[in-house]
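Dropping the structures in below, format is structure tokens.
In the two assemblies presented below, chain A is common to both, partnered first by chain B and then by chain C.
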Partner chain A sequence: MQLIKISSLILLSIFFVFLGGIILDGNESESVISGKPFPVFQQKTLDGKDISNKYFSDKTVLVNIWASWCITCLVEHPFLESLAEDINIVGVNYKDDPKNASDWLTKHGNFFTVNIHDPQGNLAIDLGVTGAPESFLVVNGKIVSHIIGEMNQRKWEQHFAPNL
Partner chain B sequence: MHLIFKIIGVTLLMLPQLVFSQSQEFIFENEEMESRFYALTNEIRCPKCTSGSIASSNAPIAEDLKRKVYEQILSGKTNDEIKAYIVDRYGEFADYRPSFDSWNLFLWLGPGFFLLIFGYLFFRQQN
Partner chain C sequence: MIPELANFILILSMSLFFGTSLLGIYARKIESARIIIKPLFTNANLLLLASFALLIYLAVTDNFSVKYIASHSNSSLPVFYKISSIWSAHEGSMFLWIVLLGSWSLLFVRNNYKTDLYITDVLIILSSILFLFTAFLIFTSNPLDRVLPLSPIDGADINPILQDPGLAIHPPMLYMGYVGFVIPFAAALANLTSSSTHAWEKSVKRWTLAAWAFLTAGIGLGSAWAYYELGWGGYWFWDPVENIALLPWLCGTALVHAMAVSSKTSNLKAWVTFLAMLVFILSLFGAFIVRSGIIDSVHAFASDPTRGLYLLSLIAGISLFSFALFIFKGFNYQKKVMLFGSKESFISLNNILLMTAIFSVFLGVLYPLIYETILGPKISVGPPFYNTIFAPMVLIAGLFIGSSIDSQWQRPFRSIKLLKLAYCLVLIAIILAFLYFFLGISFSAIEGMSFIAGSFILITYTLSIFNTDRKRRIANIGSFVSHLGFGLLLIGIPLNSNLSYEETVAVVINEPKQTERNTIILNNIYEAEGPNFSSIIAEVEVNPGTNAVLLMPEKRRYANRGQVTSETAIKSSFLRDIYINLGELNDQDQWILRLQSNYFISLIWGGIMIMLLGILVFLRKIKHAAD
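Let's look at the complex of A and B:
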């Protein structure tokens, strides 16, 4: 009888641990990249200028991974545009054709302070990116928040605004 | 009729080859490097997928990570250094063979621990 009770208790505990893993949204769990310095990089912007990680050393910026082929990027675009009134937004144009990216910005609006061109996704991998869109809050060269997927009011208030 | 079944059978057998042919082509200097590449890509979990290694995935991020593993093998990095590179960016989640350290102690010893408890309780009950 005691064996059944203890076994049930242990199995129930294991069940709840797995249930928690299923319920918790992996996209919103704490990113391993949070708390680390912005990765060292040296790349070109979409308009052909040099840019490196030094750009971030004395600023508070929202870094957004986007691409012209990314539908969700288009969905979050109006919300990011509203944020751009209060915070600098740096784009990382992810695995995209520069012509398509420029056309996309002309069509949908360009509020980005600067756009880093990342055709191979090398900077994105150093940021632990799994796809587009993703966003990071970078304060004085340090990554303080990271979300995967669409940026919206709820995610902004929950993950980014408290760290400003 | 038999011919149709033969064609379907051969097509099914060729499916993995067709899928693989869409992936990037990796050329190695020797067999040791190649076997390291396959071992590593089977031990690194695709961060975009629900489950599965980067070797078994054609997701863009899995393709990129395979390319990174390939580049790092060619540049002379050890398996541990390559794993550390991935874990540093994607966390322990990305490692199908987590390291045996204090952080993962429960993961490694947990099953044995539970087996001992269950075994002890079972035999006590029997006696």
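Let's look at the complex of A and C:
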């Protein structure tokens, strides 16, 4: 009985240490990809055209990983819309059903220059994406900045605007 | 000057909380010192309040030298939003959280006139918690930090989706719920440390119920806010932060029911102690998840690993301490036999179900994190997981709740009542057949389980009004009303999910458009100016003629952040809500409109409100009993 009591306390401690590890880990893994060229890929857009990494070679674009099942994407949507006046935004539709994705765009507004369809998350893996939403700043085919989670004024000013 | 004053008062308050807990530990042995602890605690709390009041004053007077106000408020905002902007981000909302925690504890302590070891221990626990959190506020997220010498002329403005009356009430209400659970927590802990024999759960029962009512209202308000104001088109998304608010709610539900058992039959004593600890720790855990940024969510604040680690060690310390105490001291109660079919047995069974629900939600929230850490790829656990897990539990819980109305404390179940319950089930089968054959409603298995549970509760509870046995007549009107509300909620959810539908149409001005089930005319579309935004407003008529409904959805662009928001137009009636969202202008000069028909939303809100009403009635009754 005493053993069970003590081991349950130890288990609880391990759980907290594990959570602590996640916090520290999340901090380290950020923006490992910054400074590297945009990964080589060959994929379809949401409206069925071919697209490859050559698309990025001569442009400054914001690449946004999104999905129709992601609520945070809905939250950052208005802010991205306001950014779309000044910068081209390329969407990567991540692990999504094309029908749901285009319905979502009709509903909430489509300001994306183009949307890369990434149903298996292949491109996302190459980009080191951990989930939706995430955003990358790509200048002439090179990844300059990367943020995880909702894009907002503060993150834009802190991580993206200085690199434009 | 004032920001420094506020900061100084806050630091003073933190030191006083520290002093109170130290003195409290000293006063455990030296009884003559006990008299001073309560006034110290009171003063520390008053200082905390004063500091918060100064922050409100600074926000109202547009003092943009304070960094927090400069980044979240703006001089063009109405005063109302200047105040609510204080809890629109991490630092300020944490401050509010602590102030509510302090004031609520103060109320509890002032209501207790004893100076025995038990209340001394309660004070030590409360002031230690308050000390740890004010220290967290001051050292990692001080809302009173300044931008000097060059302070901005104007602020950055509050996020438009937060410029809503919903923000003014949803977070404070929810926080009241979270922090309210500190009372049962401190009482349970103090009962163990002081080895007291008095029935602590009786003295905190109404505090626990009040906290639970606040949490219910807070979650309900958040859900109504998402539905009516933010235009998300639904009321519950199984978003991680919603789940995390649901954890203490489920645990609080288990706790208030278990408290009833332990105060009526002195069963479940150890269990109540455990739940009282768990519920507050789950509330803290929620604060940690939201503020550490380990989970992506609508509600997540800016992530900062220092804060996350501080909070985590705080929670780890508090939970390890309390669970260790519980494990080594919490089982010294006499074991009592529980008769199957008695009221307490039904409540205990539902307690087991609630624990299973807590575990499932906990797993749903943390599984993606664990999976990602061990195996790599990110996965997300969505509504199908929760719906599938919850439906059967809701069905069983509903059957237990319905059956329990005919049971008594410490008496076995009378088998004659089984027949009545069987009749109720037959009646539900008839209702389901009627819905299917005459109205064409066929529920999915998941919807059906919730519907059966809800109608079973409603029918058995309504029948109990006509109970001729006077002793068995509704013993407790508060609990009766609350359970009816819960039954309505369980019926509303499947009806809503089954009947609601969505249509997207492209329209030109003044040309009626026929969809599958509605006719839509765009009468007019024009531009207008608001205080800090410009907007496009559409006048849409749905089903012109007999059932005409006029709706005016809107699109706003906010000047300060250039952010665009959609203001949904909703026309509510008992049966259905018509919900219209204004989309873009497409290249054929047509406006895109999204039309949603949501059925029986009124049952969902009504159910929650009736539940709350029941709790209020119950609270009044306990108060009378206490007086």
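Quick note on the criterion: the second predicted complex is superposed on the first by the 134 of 164 C-alpha atoms of A that agree within 3 Å, B and C clash if a C-alpha of one lies under 4 Å from a C-alpha of the other, contacts with A are read in each partner's own complex, and residues count from 1 in each chain.
Rule of thumb we're sticking to: a residue touches a chain if its C-beta (ideal position, glycine included) is under 8 Å from a C-beta of that chain, and two chains touch if they have at least 3 such contacts.
For clarity, every value in this text was computed on a predicted model and none was experimentally measured.
Enquirer: Residues of chain A touched: more by chain B or chain C?
Expert: Result: the larger residue contact count on chain A belongs to C.
Enquirer: Looking at the overlay, what does A:T106 touch: chain B (first), chain C (second), both, or neither?
Expert: A:T106 contacts chain C only, not chain B.
Enquirer: First (chain B), second (chain C), both or neither: which does A:E150 touch?
Expert: The answer is second: A:E150 touches chain C but not chain B.
Enquirer: Just chain B (first), just chain C (second), both, or neither: which does A:S7 touch?
Expert: In the superposition, A:S7 touches chain B alone.
Enquirer: Looking at the overlay, does A:L164 come into contact with chain B only (first), chain C only (second), both, or neither?
Expert: Touch status of A:L164: no partner.
Enquirer: Once the two structures are fitted together, what part of chain A is touched by chain B and by chain C alike?
Expert: Shared contact residues on chain A: 121, 125, 129-131.
Enquirer: Quick one: which bits of chain B touch chain A in the complex? Just the residue numbers, please.
Expert: Residues in contact with chain A: 47-48, 60-61, 64-65, 68, 88-91, 114, 117-118, 121-122, 124-125.
Enquirer: Please output the residues of chain A touching chain B within their complex, sorted ascending.
Expert: Chain A residues touching chain B: 2-3, 6-7, 10, 31-33, 95, 120-121, 124-131.
Enquirer: Of all residues in chain A, which touch chain C in the complex?
Expert: Interface residues on the chain A side: 5, 8-9, 12-13, 16, 18-27, 69, 71-72, 74-75, 78-79, 81-82, 85, 103, 106-110, 121, 125, 129-131, 133, 148-150, 152-154.
Enquirer: Provide the residue numbers of chain C that touch chain A in the complex, in ascending order.
Expert: Going by the criterion above, the answer is residues 71, 156, 159-161, 232, 237, 239, 292-294, 296-298, 300, 302-303, 305, 308-309, 312-313, 315-316, 319-320, 323-324, 327-328, 369-370, 372-373, 377-378, 380, 382, 504, 557, 561-566, 581, 583-584, 592, 594.
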